[in-house]
């Protein structure tokens, strides 16, 4: 089987961006105070948990159809934050899942959240349930849960496909406060129209930093910003080359930056 | 041709699900449970016939590759989450999977996104016709301003960044609107197909 | 919140959508279908095909996207029957796909007095993904020893002399998922086989780069694309018949947006007035 | 050692593997918590290292892979590893069924309201598994079997389950989106701000471009004005603005995902789960 490999420039790009992120994390751990811009949707999470508790109605959290991957790891971090508050306030948090290995992981994270608040006995293992790994059976199940449990707050963090609007609009109909975040960019518009707060794009990956204010994560965010700066720099540089190539095709016969970036062999 | 009893059952299922549009009710609940049942059953059946049989049973038993016993042992470790004492073994498998996915993410970063950077290298001025230049310029501005919206650690007191981020957010909303609008046809077509199924296949009205 | 809100408004909207769509399917209002260039070039390239070779109709859809892909398939098969182009239904991406396409072919065949085995063949679904497609290019009878009905390929008249990729005039991928790339990479890119594409509406933007690069010769853009194609063929098929309902649905959604805004503005004005008078 | 074996020796090899595995974990289980943590971190790192090295090391190199054909030795393992991951995942499916069965089993045992739905769930689950596997694996014997066990009967029941239930149920849930798009459009597309207005305008242009009525509205525009036809504008919006905006969002997500992956791989992620090595 033939597989792809990175060329030297791509390896260098990965290494530089990674090194900057790791360095930023290490610097932040030494105790530099860091600024992070407000993200309204994330501030709403605590409010949503509080309101559900006041109303005496449960909350629901879903990962969408994601399995164990980077996207769900971030979602797990957010879930762990919500679960801690839920455990502290003594509210139920229902987590329906579409992937079995992720189901086992979620069970673990939730159990620990309740244990960390010293409320092991209040933990309800039945609230974490595997529904279906088939997209629309899962959606039908979550729609049923949202309605039957009269959910007061719903959180959508993970990777979503066409079921995004099915879930969010059902939640809207039962009057839940909804906070959604997903790296699936084509589903963001549906969350925007149907939920109260939507976390857009890589605000998703800033969520755990924002919620925990953990120096490691804040430092990582600074590193990510520099990484994005490098990508912007590459884009500007490449565009300038393309421009020069257009005007002086003889002196610059091809865009060598594009060649460097295209050479996955 | 599909026999009529299959069509009739299909029509019943269709109407049962649509009853949610009125409100949540016992009929919908029944079909929801049936759906989750058949879906779980189908998932199980599919994994046996398409994954475990060809990828595990065949190499292990037919081809005698005994080391395929190990994937079974690793898979079995997931079941230890129910044991308080042995749960760390389940964790060991889970974190190894996370490590595996972390590693493949690096590959995804290069193979998935570097081509995007490369394809953004378009001349924004030059000998090309004005329409193409305008399009290229619009693409360039959109890309840069949208990316600037996602700077988290730069204080937005910085005028350039604030302005650029605001333009980026507007363009982002325009893009989201376009995505929303572009999916309408697909969703409506699906619904039309269900109605056509009810009218022409089930009720057998003339087309 | 608007005056007409909550459950009652929702039920009203759903009733308008449901009943209107049903009515739109039963009552046909003639729609002015404008043919766009990608559809025209797909039809032109199909018309230019040699008649002694086979076209592969690759079915990448199932009941989930039948609403768009079904009429697309129907429009293409209609054209094949009329233009006396022989074709093979096939799938590597959707197990139930070939059976569903076969139902469409069967229905149209009765109208055009065509016979299975002489005018078309159904290879069914084959597992194995890309390696299988690479093998198919080299030796068709080896990958497809028998058809959907378990008849040996050697006994099917239309398969006489069909050995490998060079006996295939064109491949058309009709799909609701990302199943074009294997054909581009391992057939069009390697052997220069002509490729046609009929994706769902949502996937159309991603299809244009392939069209500009010449990797596909034409494009049916979702359900509207199928209607445009039917107009070129000169037939009123499922796609054209569904245009009334589709137009109604789109206009309804646009009207709902306008109505929602108008009611919101009116409600806001009303709320302001009494507030002004209050102490 | 890696050669295929058959018959009793296969059974012996498999039994030995199981015994070795159990023994290994028995020893590991006795390790103190601190060492288990190190073990877990090491496993994460090593697992991540595989794909990393495979991808970033070149396909061919004379001085890195100085033996044999100078090829990247990890590349041939990518396929089998992918298969192994699918198999391991495959074995977990029963856990999902256990979770479902426990929730619905309790509902039936305690006669909770709606318990008959749980009965329907079990009936659907069991019949799908039984008839699915039967029609795939049990060979037909038309002479001996009574009609109820004949392949044609089993196929018919399977068709009812798959074509009569599974497929229409899925397609119908999917098509509920049509209704939800309509109600969401009515409720949410309000011109509250410039942003909302832009989003709404773009959506309306797209919707018009997709139906004959909309295309007909502007079909009289000719010459340079033809660029303002609704389908042309919509296409431009989608292929130019929308696609570059999504590229911008996507590149941000790429860096965010990279950072997350790095933190997990290098053990920098702080959180209850990622550090723990066992019950505290």
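For the reader, a short list of remarks on this structure follows.
Which chain is which? They are A, B, C and D, in the order written, and residues in each are numbered from 1.
Quick note on the criterion: a contact is a pair of C-beta atoms (placed from the backbone, for glycine too) under 8 Å apart; a residue touches a chain by one contact, two chains touch by 3 or more.
These numbers come from a predicted model, not from an experiment.
Comparing the CA-atom centres of all chains against that of chain B, the greatest distance is found for C. The innermost chain, defined by the distance from its C-alpha mean to the mean of all protein C-alpha atoms, is B.
Distance between chain centres (mean CA atoms), chain A to chain D: 16 Å. Taking each chain's centre as the mean of its C-alpha atoms, chain B lies 8 Å from chain D. With centres taken as mean Cα positions, chain C sits 21 Å from chain B.
Multi-chain contact residues, meaning those touching two or more other chains, occur in chain A at positions 4, 6, 14, 18, 70, 73, 100-101, 104-105, 108, 131, 133-134, 136-137, 140, 186, 189-190, 192-193, 200-202, 206, 221, 224, 228, 231.
Shared interface positions of chain D, i.e. residues touching 2 or more other chains, are given as 55-56, 89, 92-93, 95-96, 100, 162-163, 167-171, 173-179, 181, 183, 185, 187, 189, 199-200, 203-204, 207, 210-211, 238, 242-243, 246, 249-252, 257-258, 260-262, 264, 276. Each of residues 10, 14, 17-18, 64, 66-67, 201, 204-205, 222, 224, 246, 249-250, 253 in chain C touches at least two other chains.
Put simply, chain B touches chain A in their complex at residues 17, 20, 23-24, 28-29, 31-32, 35-36, 38-40, 42-43, 78, 81, 87, 90-91, 94, 97-98, 101-102, 105-107, 109-111, 114-115, 117-118, 120-128, 140, 143-144, 147-148, 150-156, 172, 176-177, 179-180. Within the complex formed with chain C, the residues of chain B that make contact are 1-2, 18, 21-23, 50, 182-186, 188-196, 199-200, 205, 207.
Every residue of chain D that touches chain A in the complex is listed here, in rising order: 54-59, 72, 75-76, 78-79, 89, 92-93, 95-96, 99-100, 102-103, 106, 169-170, 173-174, 176-177, 180-181, 183-185, 187-189, 199, 246, 249-253, 255-264, 266, 268-273, 276, 280. If you check the complex, the residues on chain B that touch chain D are 2-3, 5-7, 9-11, 13-14, 17-18, 20-21, 26, 29-45, 47-49, 51-52, 55-56, 60-61, 63-76, 78-79, 84-89, 91-93, 95-110, 112-113, 116-117, 120, 131, 135, 138-140, 142-147, 149-150, 168-185, 187-188, 190-191, 193-194, 197. Within the complex formed with chain D, the residues of chain A that make contact are 1-7, 11, 14, 17-18, 21-22, 25, 67, 70-71, 73-74, 76-77, 80, 100-101, 103-105, 108-109, 112-113, 115-116, 126, 129-131, 133-137, 139-140, 162, 165-166, 169-170, 172, 183, 185-186, 189-190, 192-194, 200-202, 204-206, 208, 212, 214, 216-217, 220-221, 223-224, 227-228, 231, 265.
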